[in-house]
Amino acid sequence: MSPEALVGALTVFVLAVFVGFEVIGRVPPTLHTPLMSGSNAISGITIVGALLVSGAGFGGLARWLGMAALILATINVVGGFLVTQRMLRMFTARQRGRGKGTKS
Amino acid sequence: MSTVALELSYLAAAVLFILGLRQLSSPKTAPKGNATAAAGMLIAVAATLLHQEIVGYADILIGVLVGSAIGALLAARIQMTAMPQLVALFNGLGGAASALVAGTEVIRPGTVLPGPAVVVPVALGVLIGTMTLTGSLVAFAKLQELVPGGAIRSRLLQVINVLMVATALVLCGALLAQPSSLWVLAGLALAAGVLGVLGVVGIGGADMPVVIAFLNALSGLAASATGFALGNDVLIVSGSLVGASGVILTQIMCKGMNRSLGNVLFSGFGAGSGAAAGAAAAGGAAAVRGYSPEEAAMVLTGGQLVIIVPGYGLAVAQAQHTVRQLADELEKKGVEVLYAIHPVAGRMPGHMNVLLAEADVDYEKLKDLDEINPMFPQADVALVVGANDVVNPLARSDNSSPIHGMPILDADKAGTCIVLKRSMRPGFSGIDNPLYAMDRTMMVFGDAKDTLVELVSQVKQA
Amino acid sequence: MSPEALVGALTVFVLAVFVGFEVIGRVPPTLHTPLMSGSNAISGITIVGALLVSGAGFGGLARWLGMAALILATINVVGGFLVTQRMLRMFTARQRGRGKGTKS
Amino acid sequence: MSTVALELSYLAAAVLFILGLRQLSSPKTAPKGNATAAAGMLIAVAATLLHQEIVGYADILIGVLVGSAIGALLAARIQMTAMPQLVALFNGLGGAASALVAGTEVIRPGTVLPGPAVVVPVALGVLIGTMTLTGSLVAFAKLQELVPGGAIRSRLLQVINVLMVATALVLCGALLAQPSSLWVLAGLALAAGVLGVLGVVGIGGADMPVVIAFLNALSGLAASATGFALGNDVLIVSGSLVGASGVILTQIMCKGMNRSLGNVLFSGFGAGSGAAAGAAAAGGAAAVRGYSPEEAAMVLTGGQLVIIVPGYGLAVAQAQHTVRQLADELEKKGVEVLYAIHPVAGRMPGHMNVLLAEADVDYEKLKDLDEINPMFPQADVALVVGANDVVNPLARSDNSSPIHGMPILDADKAGTCIVLKRSMRPGFSGIDNPLYAMDRTMMVFGDAKDTLVELVSQVKQA
């Protein structure tokens, strides 16, 4: 990466941090546990890096490292989103149950 | 798929992550938010798979299948009370993946001699990622009670710590000189791993939630660093979103406990709590009288407004469904029931909310501190279920108390305060609770679930 | 600009739009007029483009266009910030006046 | 200064802009916010001046001096009531600067044949920037009453409009083929200029504020487009911040008027208002009786809570200081005074707030719609100073009224409603106001300032 590209990447980083603080600051305490697991799943985005390594046809160490990265990242992504969904369903189950009776 | 198309897909993924997180701002839209974020991930993965640089799909297939199977299994099987551990574990895995990807970037075949603009983020990615992994594993082990939860501290550990920091710095310098040296990289990972272990070993088990939120932030930063190394914007954006989320959660928790992050990470608050607990149990038990569930049930049914204060003991006893039953029975009798949720009740942020949501409690009945405190004086009964520190009046009155200044729920201001716990042992902070000795307090000793089952049947009969 | 750089620029644009909506959404109606003139002054950032053109030593048309751009952008920036400051001082004058008496 | 250092300075500038806008979220921190943003601008300018590509400072010096002098003069001299015009003017200048910079990028000496990734943003920058310029100038002329304010519409104009859009599209295509053609660029600017003029000429003078907010958004987008053309991140970021701000303000104003943006831009709402006004004045005047300031003063001093409802007439009469005096006198007599601020009272967003702030009214006494409406039934007097549409009860009751559904201030629910205006002429919307004919309403005819001066002296004597 050239130094200029680095500054570009830094710009993206800084803006994303601002977006993050603004957006996350509005999540109510009720949802802090799902927020934690959900944002955790998002941090599994390294999966795209792992895919590029695993699919590049490297041999030797790079191959095994890529494979390990891929497995770990996939666990993080799949597990993270599923468990978050499971938790969030609980929050809305009650709402849906009510909906049947009163059309709320 | 061309590079431009790939990057546009990544941008779409990043936008979906942001929109998803925005939808997490209300329980109603939150499930959609999670699905939105997952859709973003799917787009990013699909676009990557179609990219021209991908030549073989065999390894990918194996990796994705194995990973998905394990992830799905863990997500489906985990008990709600074990959520903190699971989040810690996932955190660690994400950090490890980031470290691996970042490291591979400099040692993979065909890499051209990378400049500092690549080496520095690679070093950061490996360092932060590996620390996140080992730190999270220790946190997991403590929470799962595979190792004792207390804070382990000694001079020796501190010396090792300093040595490791020095080693890591030296190795970062070495990596700049020899960017593709596998050994330097491995050494860096090792030092970071030891640092992660030592950092978390020195923190008391009950402080783990703060640690997990902090590790959450670190795993985001590791992903960001990897993004810098690969020049990949979606990694940078997602990583910083997660980093911001982790930092905000850490702040909220520290504020709820009235401590600074530095204090949590370096002071070993939980270290002495075992001893203190013993002393308190011995000293306090004599002063108070226990009541029977029958007596408590009579008071409960006589009230108009009952505020339930759940705490960590609710999670330990897994009594969330039984609490819900009790509330239902009381409501049938015309008693209004609300829940007072302290920001740090339990062992992770939002812990009580998740438990009670699992038991199908309407989230509009869950009131936070500012909302419920003015209502305690009007309440006939405050029913404290396995909570301790979050209702300790010393936080208000005793300047010398370690929890002084921590905002608490004013359960002591209710007409009667019924407390369900097993003994006079203190909670996480290890200090005595004068609430239990108050005149208007009724202690009902025993496992919270057993007591609640008893209460439900008593209230039914009343 | 290469197509890749264009995507990078687009990323920056999208993130900044998110930041903008989050941040501006919190400005109370009381401050909408200063917000308008203040954000207007910020849009005078084209001044940096005008400076680069004016300072490049071009002759002919480019020089005059650059000069015109520079003058217009400077009016926008200087006038915008000053008038915003003038308005905002009004909002706080009252506060400061009170401060003397009651140490609020 | 190297390119990297320059770009880091730009990043710092962008961060300062964001922080500055964040501080605008409260009147207390707002002045600091403006200073923060200005500091960001200073950094960006200073860094650019130090850049290696700058070879001559003569032109720069002239440009900056001339521009600063004009800008400072305008800012210092402008009357607060003329703020809308000034903002419109500045907007236009910003748009013009963006268009010029974008255009120069393809025709300057030494430019290499630019590809579509440059030409498209250049075309957008020129198009949007020039439209912003001419549109703003027309808005300025209307607000400054240099030209009649009514909406001018005719078949011919519509035909020209369509022709210009077609021309602009064709020229955009031509520019892609011949990126450095001065004539194509000039033609594009011309077409855009005509479009800007026609677009705003067709909108009634009273709708100008929405137009200004919209032009504000456009000037931001023009800066962003220029940023894309130059590959300059700080232009992109600042432009999109301003664009977002303009869009939000436009939305808020449209909502306050209960109309859609399309309706404002294309329907010429203000076109017929002159005629309607005449009719209403003729029909309505007979029905109501005028009161003298003495009578009004007696009612005012007799009350406990007076709510002042300022409207556009306050700005016309420049009566903000006199209103403040009246409030002071009433407060001396023990009457509580609050101000009810409608989101679209006046002629630009926040117009009333700025006027009253100029008169040093404590901003905590300025209440918005949701806050004040429940208080009208308790108020003894609603003193309506030059407001009309924002207190028109038809908006609540009459389904067929053009302002139906617009949220209004419930001045009619106060004990007595005192209205200060010059005649029975309607306000901006051109429709009658039944409030004036109500039993509990006292009309005090005359210029608001004159009446208020009279009221002040009467209240003093009481």
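Going in written order, the chains are labelled A, B, C and D, and every chain counts its residues from 1.
The working rule: a contact is a pair of C-beta atoms (placed from the backbone, for glycine too) under 8 Å apart; a residue touches a chain by one contact, two chains touch by 3 or more.
Bear in mind the structure is a predicted one, so any value in this text is a computation, not a measurement.
S.K.: Measuring between Cα centroids, which chain is at the maximum distance from chain A?
M.R.: D
S.K.: Using the touch rule from the top, work out which pair, B-C or C-D, shares more C-beta pairs.
M.R.: Between the two chain pairs, C-D has more contacting C-beta pairs.
S.K.: Quick one: chain A and chain C, Cα centre-to-centre, how many Å?
M.R.: Spacing between the chain centres: roughly 35 Å.
S.K.: Could you grab the centroid distance between chain B and chain D? Build each centroid from C-alpha atoms only and quote it in angstrom.
M.R.: 47
S.K.: Measuring from the mean C-alpha position of chain B to the mean C-alpha position of chain C, what distance in angstrom results?
M.R.: Once rounded, the distance between the two centres reads 41 Å.
S.K.: Could you state the distance in Å from the CA-based centre of chain C to that of chain D?
M.R.: Centre-to-centre distance between chain C and chain D: 16 Å.
S.K.: List, in ascending order, every residue of chain C touching at least 2 other chains.
M.R.: If we look for residues of chain C contacting two or more partner chains, we find 3, 6, 8, 11-12, 15-16, 18-19, 23.
S.K.: Could you check chain B for residues that touch two or more other chains and list them?
M.R.: Each of 14, 18, 233, 237 in chain B touches at least two other chains.
S.K.: Dump the list of chain pairs that touch, please.
M.R.: Pairwise, the chains that meet the contact rule are A-B, A-C, A-D, B-C, C-D.
S.K.: Going by the contact rule set out above, which residues of chain C touch chain B in the complex?
M.R.: So the residues of chain C in touch with chain B come to 3-4, 6-8, 10-11, 14-15, 18.
S.K.: Along chain D, where are the residues that touch chain A in the complex?
M.R.: Touching chain A: residues 3-4, 7-8, 11, 14-15, 18, 233, 237 of chain D.
S.K.: Going by the contact rule set out above, which residues of chain A touch chain C in the complex?
M.R.: Listed in rising order, the residues of chain A that touch chain C are 8, 11-12, 15-16, 18-19, 22-23.
S.K.: For the complex, give me every residue of chain A touching chain B.
M.R.: Against chain B, chain A makes touches at 1-3, 5-6, 9, 12-13, 16-17, 19-21, 23-63, 65-95, 97-98.
S.K.: Which part of chain D faces chain C closely enough to touch in the complex?
M.R.: Checking each residue of chain D against chain C gives 10, 13-14, 17-18, 20-22, 24-28, 30-31, 33-35, 37-38, 41, 44-45, 48-49, 51, 53-57, 59-60, 62-64, 66-68, 70-72, 74-76, 78, 80, 83, 86-87, 90-91, 93-94, 96-98, 100-104, 107-109, 115, 117-118, 182, 212-213, 216, 219-220, 222-224, 226-249, 252, 341, 343, 348-351, 353-354, 357-358, 360-363, 366, 368.
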